[in-house]
Amino acid sequence: MVTDTDLTQKQKSRQPIGFDYKAVARYLSGFLGLVIIVLIFQIASEGGLLQPRNIRLLINQSFIIMCGAMGASFVLAQGNLDLSLGGVVGITSTLGVMTAKVYGPVAALAVALVVGLCVGLIIGSVHVLFKVPAIILTICMMFALRGITWILNDDGSIAMPASLAKYDTLPNKLIVVGIVFVIVFILFEYTKVGKYSTAIGANATAARQSGVPVNQMKVLAYAISGFFGGLCGFLSMIRAASSSTNSGSMFEINVLTALVIGGMSLNGGSGAKMKSGLIGALMLAIIQNGLIIWGLNDKWQQAVQGAILIIAVAISYDRKNVVVID
Amino acid sequence: MSHSHVLKVNNLSKSFGPTQALQDVSLVLSAGEIRGLIGENGSGKSTLSNIIVGIIKPDSGEMELRGEKYQPHSMLDADRNKISMIVQEMATINKISVAANLFSGQEMQFGRFGLINQRRMNTAAKEALLRIGVDWIEPESDIDTISFEDRKLVELARAVENDPDILIVDETTTALSQKGREIMYRIMQELKDQNKSVLFISHDLSEIIDQCDTVTVLRDGQLVDTLEKEQMEIHRIQYLMIGRNITEGYYRSDYDFSHSDEVVLKIENVSYDQLQNVSINLHRGEILGIGGLSDCGMHDLGKIAFGLLKPESGSVTLPARNITIKSPAVAIKNKIGYMSKNRDQEALLLSTSIKSNVCLPSLDILKKAFIIARTSEKKLANRVCSALDVRMSSINQHCMYLSGGNKQKVVVAKWLGNESDILIMDCPTRGIDIGVKQMIYQLMQDLKAEGKAILMISEELPELIGMSDNILIMKDGRISASFQRSEDLTEAQIIKYMIS
Amino acid sequence: MKKLIKTVALILTLVLAISVLLTGCQQTPTGPKETTTAPEAKDKLPAGTKIGMTILVNDGLFATMAQYIQYIADNIGFELVLDVGAFSPEDQVASVENLIAAGCQGIVFCNFSEAVLPKIASVCDEAEVYWAQYCRQVDDPEIVASLNNAKYYVGRCFENNENVAVRVVKAFEDLNVKKTAIIGPATGDTTTDTVSAKYKALCQEKGIEVYTEIRNAQEAADCTAAAETIVSNFPDVEGIIVLSGSTGKLEGVFKGLENVNKLGKIKVGALDASANIIEDLRNGSVSCANSGQFVDNMFTTMLVLNSVLGTPLKTDGKATIECEYVAFYKAADAEFYYAHMENLGEKIFAYNLDEIRQMIKYFNPDFSYEKLQAIATAYSVEDVKTRHNVS
């Protein structure tokens, strides 16, 4: 006979006791790609990569993508994509510049955030109400926004009032990334929004049967993505001190690349880790910056970039969460 | 070599990580034998059969086929050696025709110059289906358009077509109706008559006893015993399987159908698809069983009660709080839980941890302000999982690595954690072994005792009779009969209201 | 596998830590390197000069530019760092930052749109890196003002776009073309807008009719459609000016004319040249093409290089070098051009290494801004024929 006490003891013995080395190793392997890339370029650039000056530069070049990638985490966790981000950055940076010229920076930020949020809400609502596949919808939205950006920048580009340039400082950037990180981290790891999103990515039917309001969460995820897209538009306006017909072009691809090389699973679910955006954006900046500091022939740059990306992804990709069909 | 030994399995062992799935198992399969293989989930039945057909390689041990060393590298290899298997899961290829499925991999026998003669293939497929006595499946039809059961029969036809010396049937009969089962049994007997062998894996003890010449019992990866026909006896096999006696039997021993008069869930005049004006009252402390044929509409009714489907007319309400159930979110908020019939597809996030699965419906309870603390998640998951004795490495283990019974325990754990007052259970014991089955039945009684209400939808009559306070039988979208719990109630009394 | 990854991770982390410590302590010098005592060749610049260049894409015109400067760099002794692909303002800023990080003392830059320039100016001022623009005029007076205030901004080089219109009109007059139309990309682009305006003004002056102006012809297929539209609406049209013929757009126009059986009958004048320009000139598909802009970038490089070497060409204000296009009227013009001016295979260019050295004060202390300006204005087939004594 198996008694109750037997069972509980058996149960206890199955619980991991103390420090879980395996979990720590698995967690660290997410950073391995970053470490390797830093190593390669630190050696190749003879120490130039980690000079304080260059570190500042890396932050300069990655912080906008970091914010965008973190904002897009929820959409990715649900197993969807947001390819409208570049369009959002384009239109919000343009509207930001136009607003800043008349009403100042605070109004510009507000306009950028509200417009981004609205775009996200539209995408989410259309996706849910009309069952349009999100990938197609966001591509269409990207074209539409890019078109409006073209129209608004009728002279090709608009310069930001010079007085705003003073906001483009390293501490400001770190503060922004810090705030975004804290907000997204809490939302992602400790609230229903994040947990519901990963559940939807893992299995939408089962999530719904567990009480997840799937449609609302999808709209919310796109709204969050759009909101942070708007923030990125504002930041990119401050950074480039201007907007142009090309503002934000390729931004969605950069964000996606950052997320993927940072170890995010495109299938969503529990393979979605919000730290991917941070790590990936930094990796991307290091690769681009590192190749130039390295002084490699431009014809080799792309090949080397590809090779490095493959190594990085191979290492940081979280295989445990992917079911491979043999 | 003796005349009749077709397959000899010697000292097979296999482990998956820390789990010893199979430990030193040896058995001999004779020609003209139908061998039953039984054991709880995770006892190693599927591992053994998968090794025999080359899907899994053993860590140690070897096999002999017709006196020669046998080391299959793949299912194809096994096929060539005249060993075929019909598996538990879906094994047909979607989006192509029945005939193409039947002959997939061998299309070229109908080919000429690289083109496949569809008509010849269809004719051959029709013949193959008729050979196993199935005349209602058209070879041209798309495999997606036919039912799960029919797809299993296509697989059976395919296996028979290979003319196997050994046929392995891995828990296939659970998916089959009586008709399908009879076809399966007949084929098995025919093979036996041709001096071929069958390895028959099933949960259903009575089926095993009826069909098999010998039965081998596995427990925790080890071979416990092999019984001859005359030694087979339900309690003995059960004892061997779990290693202890099931003292009280499966079902409720009491015949007290009393429950509170308070209606906790009211389904009123609901119509949906074929459902027509169905009204049901579920009371506090009641186990209400709903039975019928698979397509009578009862599964939809369960979904409607939980807000998953929107009825065309009628309503689902909680009279006490005057709330209408419009969505699963509303249902869960009001302490209704739902266990889907399709566990792996609808009830669980397979690639996600046990902890996340268990906590998902309870996040509203766990959160403080809007923050959900890790520790409270862990506490909840550990509490309900140990209460249900989920066999796992930790609550961080992904559900896909659990056995069927343990998966079902996780589903139950979800709703226990959520402290649901009303549980809608759609086929709660489908595809799980007796140990877990018994546990779930016990749990249902405990919940009833606590005053919770259970709506149990089941395709198994003994379960309905054994567990329900009241039974409603449905036919073609209507309630055709109702029965109260009684000692005298028999399957025969009920069944006539299910079929036309 | 997991164990392997764990081990690898551990080793790499250690190596990283050590390498950071070592390289960090070493403090690689960021300033100009100590000059070596070894005697330097007379035709080489002092060691350690590093120039960065941003190119928008790495094909066509930009690739030619990059190859030409690389050839010069290899032979007169400076290091060239290329950065490819920066269209959006933020990427353009990043490109300049990266070139600075790579240790470039001067940057040759091509902006996509001009509002980003003040930001580039402030980045370079902060880093104390000289920079100049190529292929770009600046229109906005506010931006011009901010550039004029930027200490490290050297100047810009751009093409004389009005002369494109002048040459096309001259060609049309010679061919007695009186009824014309315009095909070009969307308005908003300075270069094409200038050509168009000048062309219309000249036509009015000379009594040439402009039937219509079709813009938004962004790629080859649009140009084909535009040409067809013009011919079907104005069957008596005699000439078409193509405001931008690069990346197959001129060929697109040819295709459209061929479709309506008018190729060679309707005269075409264009900015940019087609891929088979020699053949196209020979059979009359095009009557006047304007090409040869790749030297523009070299003039900008000279501006930057001289400033980096401490001998700026212009000490008062900012340089604005206006450079001519090379005009092709006959197949022979283009044949000469590809043999003696832009011959990548044999490394024969419009300005040879000796002539380049003469544009650098380090070799030629007498060189001046005015002289560079004169060289740019004189740039043409005839000019090269006399200088290189070829025909």
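As written, the chain order gives the labels A, B and C, with residue 1 at the start of each chain.
Here is the rule we go by: contacts are C-beta pairs under 8 Å (C-beta built on N, C-alpha and C of every residue); 3 or more make two chains touch, one makes a residue touch a chain.
Please read all numbers here as calculations on a predicted model, not as lab measurements.
Q: For this assembly, give the contact graph shape among line, ring, star, complete and other.
A: Its topology is that of a line.
Q: If you average all the Cα positions, which chain's own average lands nearest?
A: Closest to the centre of all protein C-alpha atoms: chain A.
Q: Using mean Cα positions as chain centres, tell me which chain lies farthest from chain B.
A: C
Q: Between chain A and chain B, what is the gap in Å from one C-alpha centre to the other?
A: 42
Q: When the centre of a chain is set as the mean of its C-alpha atoms, what distance in Å lies between chain A and chain C?
A: Between these chains, centre-to-centre, one finds 35 Å.
Q: Calculate how many whole Å lie between the centre of chain B and the centre of chain C, each centre taken as the average of the chain's C-alpha atoms.
A: Comparing mean C-alpha positions, chain C is 71 Å from chain B.
Q: For chain B, what residues touch not just one other chain but two or more?
A: Residues of chain B touching two or more partner chains: there are none.
Q: Across the complex, what residues on chain A touch chain C?
A: On the chain A side, the touching residues are 22, 25-26, 28-29, 32, 35-36, 38-39, 42-43, 46-48, 50-51, 53-54, 57, 60-61, 64, 153-160, 162, 165, 236, 239-251, 288-289, 292-293, 295, 298, 301, 315.
Q: Within the complex, which stretch of chain B touches chain A?
A: Going by the criterion above, the answer is residues 244, 306, 308, 327-329, 331-333, 338, 340, 345-353, 356-357, 359-361, 363-364, 367, 370-374, 382, 386, 389, 392-394, 396, 398, 400, 414.
Q: How about chain C: which of its residues touch chain A in the complex?
A: So the residues of chain C touching chain A come out as 2, 5-6, 8-9, 12-13, 15-16, 19-20, 22-24, 26, 28, 30, 58, 66, 79, 81-84, 87-94, 97-99, 101-103, 112-116, 118-119, 122, 140, 142-143, 146, 188-190.
Q: Spell out the residues on chain A that touch chain B in their complex, using ranges where they run on.
A: 1-2, 7-8, 11, 14-16, 23, 186, 190-192, 195-196, 198-199, 202-203, 205-213, 269-271, 320-323
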